[in-house]
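Below is one structure. I have some questions about it.
For clarity, chains are labelled A, B, C, D, E, F, G, H, I and J in written order, and residue numbers in each chain start from 1.
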Amino acid sequence: MLFAVKMDVALPQDLDADVRADTLAREKAYSQQLQRDGEWVSIWRIVGQYSNLSIFDVRDNERLHEILWNLPLFPYMNIEVSPLAQHPSDISAV
Amino acid sequence: MLFAVKMDVALPQDLDADVRADTLAREKAYSQQLQRDGEWVSIWRIVGQYSNLSIFDVRDNERLHEILWNLPLFPYMNIEVSPLAQHPSDISAV
Amino acid sequence: MLFAVKMDVALPQDLDADVRADTLAREKAYSQQLQRDGEWVSIWRIVGQYSNLSIFDVRDNERLHEILWNLPLFPYMNIEVSPLAQHPSDISAV
Amino acid sequence: MLFAVKMDVALPQDLDADVRADTLAREKAYSQQLQRDGEWVSIWRIVGQYSNLSIFDVRDNERLHEILWNLPLFPYMNIEVSPLAQHPSDISAV
Amino acid sequence: MLFAVKMDVALPQDLDADVRADTLAREKAYSQQLQRDGEWVSIWRIVGQYSNLSIFDVRDNERLHEILWNLPLFPYMNIEVSPLAQHPSDISAV
Amino acid sequence: MLFAVKMDVALPQDLDADVRADTLAREKAYSQQLQRDGEWVSIWRIVGQYSNLSIFDVRDNERLHEILWNLPLFPYMNIEVSPLAQHPSDISAV
Amino acid sequence: MLFAVKMDVALPQDLDADVRADTLAREKAYSQQLQRDGEWVSIWRIVGQYSNLSIFDVRDNERLHEILWNLPLFPYMNIEVSPLAQHPSDISAV
Amino acid sequence: MLFAVKMDVALPQDLDADVRADTLAREKAYSQQLQRDGEWVSIWRIVGQYSNLSIFDVRDNERLHEILWNLPLFPYMNIEVSPLAQHPSDISAV
Amino acid sequence: MLFAVKMDVALPQDLDADVRADTLAREKAYSQQLQRDGEWVSIWRIVGQYSNLSIFDVRDNERLHEILWNLPLFPYMNIEVSPLAQHPSDISAV
Amino acid sequence: MLFAVKMDVALPQDLDADVRADTLAREKAYSQQLQRDGEWVSIWRIVGQYSNLSIFDVRDNERLHEILWNLPLFPYMNIEVSPLAQHPSDISAV
């Protein structure tokens, strides 16, 4: 089941440098593990923004929420979720 | 070069039924040709909306505008374009 | 899988009276069948609005889109979809 | 009398960890007591948000305000209230 | 139980003159009857707008919706409802 | 001359407890004196919000601004002012 | 008593040419009479908009509403009203 | 050349009292000098807001920016600029 | 004196084909004459929009309004005007 | 390939004076180098705002993101990117 998710990051200016570096490293590892597992299908940077647009392929709403809630950057993010369905013009649909 | 494009369709209530059917058929053929050509990479329906979220992979801005301007549904659409770049956490990046 | 859906209706002032009555009757029958089937769990009127707030319990995103797209009032509606997950304070959760 | 209430939580980044844990524990107990009492009918997490959508069944406006104003998380919440009425298509209506 | 209600009116430019005059006359009679009955407590024109701000004192949400839904101008109105409670600084409170 | 005024309060989380208590006490006394004087005609709590909706009956714009500017909570408020006029359907108008 | 008023005009594309010309002529005469009377103190065009920013000096809210409601272009306007007071830095204040 | 400028002030709650008093004194002197020079034509307080609406008559865009950029309160202001032109109904136009 | 101007075009669906073609031809000739005269310095299409972003270099506000008001497409446009000044980092500044 | 970019700057009130001066100096040098290189084609101050409107001419989306991400002021900026294409009325087009 597919979802488009837009994540905007706003790190506090006064965040401790070590906390910041550690959080970013954990975020990257977390994202890459989910990409390898096939749940985080795509991730793109939005040009000029500290934001990404991502596509998730998950079992259900519960799993998507679990993934997003546990993002190391979650406390610093604004997140928009759009559930997706197959488009009738999509040539890859069987 | 990648772009995310969100298209919201608002067909006039009083659109002639034949014009409507013809426009939708041309839209579908147009989209599917561009999908086969590899420029219209993905197209998803946004659940509950007469809208799609699409990913385009085009040569440059000029080509993206040419594609969008010539959509048969263009006069009935509201379109948002987001230029994309590679995300540093993307595992598919070389 | 649960979704909250808000539907705002805007019928054109010049809609033919018979078309209007027929559409509303089909909408009601369609909604009540889905309520009986257990997919349309709750429907409330929002006070002072030609709008409803509904809860759906469906198999997946595809099914929710199919239900909403086929609403007789769909061409006259603005729809917002919010995917829901279990809340950790919910006493009905096992 | 039914109301839909959407609560968005924004805890300050620098909130003392003990205050935070205590506030969240009190919030959970407060919510669960009201659920048991039948006034807080439903509570769902909105996917990807630190937010909930809830349904309240209360005696009147005064009681709803009393409940919301005394939420331990009230100072950190943005709250939207929508009064609800019975929908004419609701099959559960007598 | 008190509610503040803001009603913005947008009559279609091409509304038949007789329909218009009749609708406005019925709206006025309807409003004045509810004022005499004590449910429509106050009504003010907002300066420079085809809008009013009103205070209603009704039994419950159902009754408020019934009143608003049956306004002769309802199809031409945008309506916002705010449930009210007693303010702790109100000197008229017992 | 009547005005509707909506006041949203946002007290800083780190406001000193004594300053807070003192400010709230002065706000209440200030509001109640103006109510007794007949200039602050009505004040209601908006359900679920740290907000009030008030009706003022003042000599002119200068007086309304003087009243609002001197609210002890003014530095913590967002204020919207709507000038009111008599509505042609108001039965209390002579 | 001073008010700033912003008026945005949106004439329907299909307005009869004679009605249009007549309405605009009456609007101009109406505005100029009120300027001569000293109630419509200033009127400026906002560059690139079919809009004006005006300053009114009127007896009270009732009079301002009477003036605006009777504008020949009122049915085609969106109007915003801002009550003004003397600024403490204004050198023209006595 | 005329411009309407709206300035909204938001002083930080924790601004040092002396800095605050000094900034406000310099702002007032700066504004009054420009009023005497004929460039800051009008300044009004917007009722209930820490805001002003002002009219400037300046040589060109560069000069307006220079004036606004050097306002002592500039770092604490949100500013909107509307270029103005003569209105065809203005009786003071030659 | 420089201004950035964004113009969004919304042609009515039912505009007569000849009126449409004639209006577009006149718009193009009008724009190109002003480009040759040096007042309309730049014009770009915004990708995916029936919109342009333009830079104007004009004598004053009056002249900019005269140019925009007389655009053949003016009745079908939404226009935003931003006055520009020299940026301190601009290397082309003397 | 052209892009319009609007950058709004919001420096924290409590930013260390040396950090501030250093950041601004590096921002200026960075911008001017890119202007000399021909990638940052134009930069204008928006009157009354701590904002600029810029035109970039870059190889692709990746390069634009690289430039913007490395702006010394990036952590303090809100940035909007609009991809541009040639306008059919542009006389400079071959």
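Keep in mind that, in the parts below, a residue touches a chain if its C-beta (ideal position, glycine included) is under 8 Å from a C-beta of that chain, and two chains touch if they have at least 3 such contacts.
None of the values given here were measured: they were computed from a predicted structure.
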{"item": "Intersection of contact partners for chain I and chain J", "value": "B, H"}
{"item": "Inter-copy rotation, chain F to chain J, in degrees (Cα atoms; steps of 5)", "value": "145"}
{"item": "Equivalent of I-J within the choices G-H, H-J or A-D, defined by over half of its residue contact pairs recurring", "value": "G-H"}
{"item": "Reference chain I; chain at largest CA-centroid distance", "value": "D"}
{"item": "Gap in Å, rounded to a whole number, between the CA centres of chain D and chain C", "value": "22"}
{"item": "Separation of mean Cα positions, chain E and chain D [Å, integer]", "value": "28"}
{"item": "Euclidean distance of C-alpha centroids - chain C vs chain I, Å", "value": "44"}
{"item": "Where chain D touches two or more other chains, by residue", "value": "2, 45, 47-48, 61, 64-65, 81, 83-86"}
{"item": "Interchain pairs in contact, sorted by label", "value": "A-B, A-C, A-D, A-J, B-C, B-I, B-J, C-D, C-E, D-E, D-F, E-F, E-G, F-G, F-H, G-H, G-I, H-I, H-J, I-J"}
{"item": "In the complex, chain H residues that touch chain G", "value": "2, 4, 27-28, 31-32, 35-36, 42-48, 52-53, 82-92"}
{"item": "Contact set on chain D toward chain A in their complex", "value": "11, 13, 45, 47-49"}
{"item": "Footprint of chain G on chain F - complex, ascending", "value": "1-3, 60-62, 64-66, 81, 83-86"}
{"item": "Chain G contact footprint on chain I (complex, rising order)", "value": "5, 12, 15, 61, 64-65, 68-69, 75-76, 79-81"}
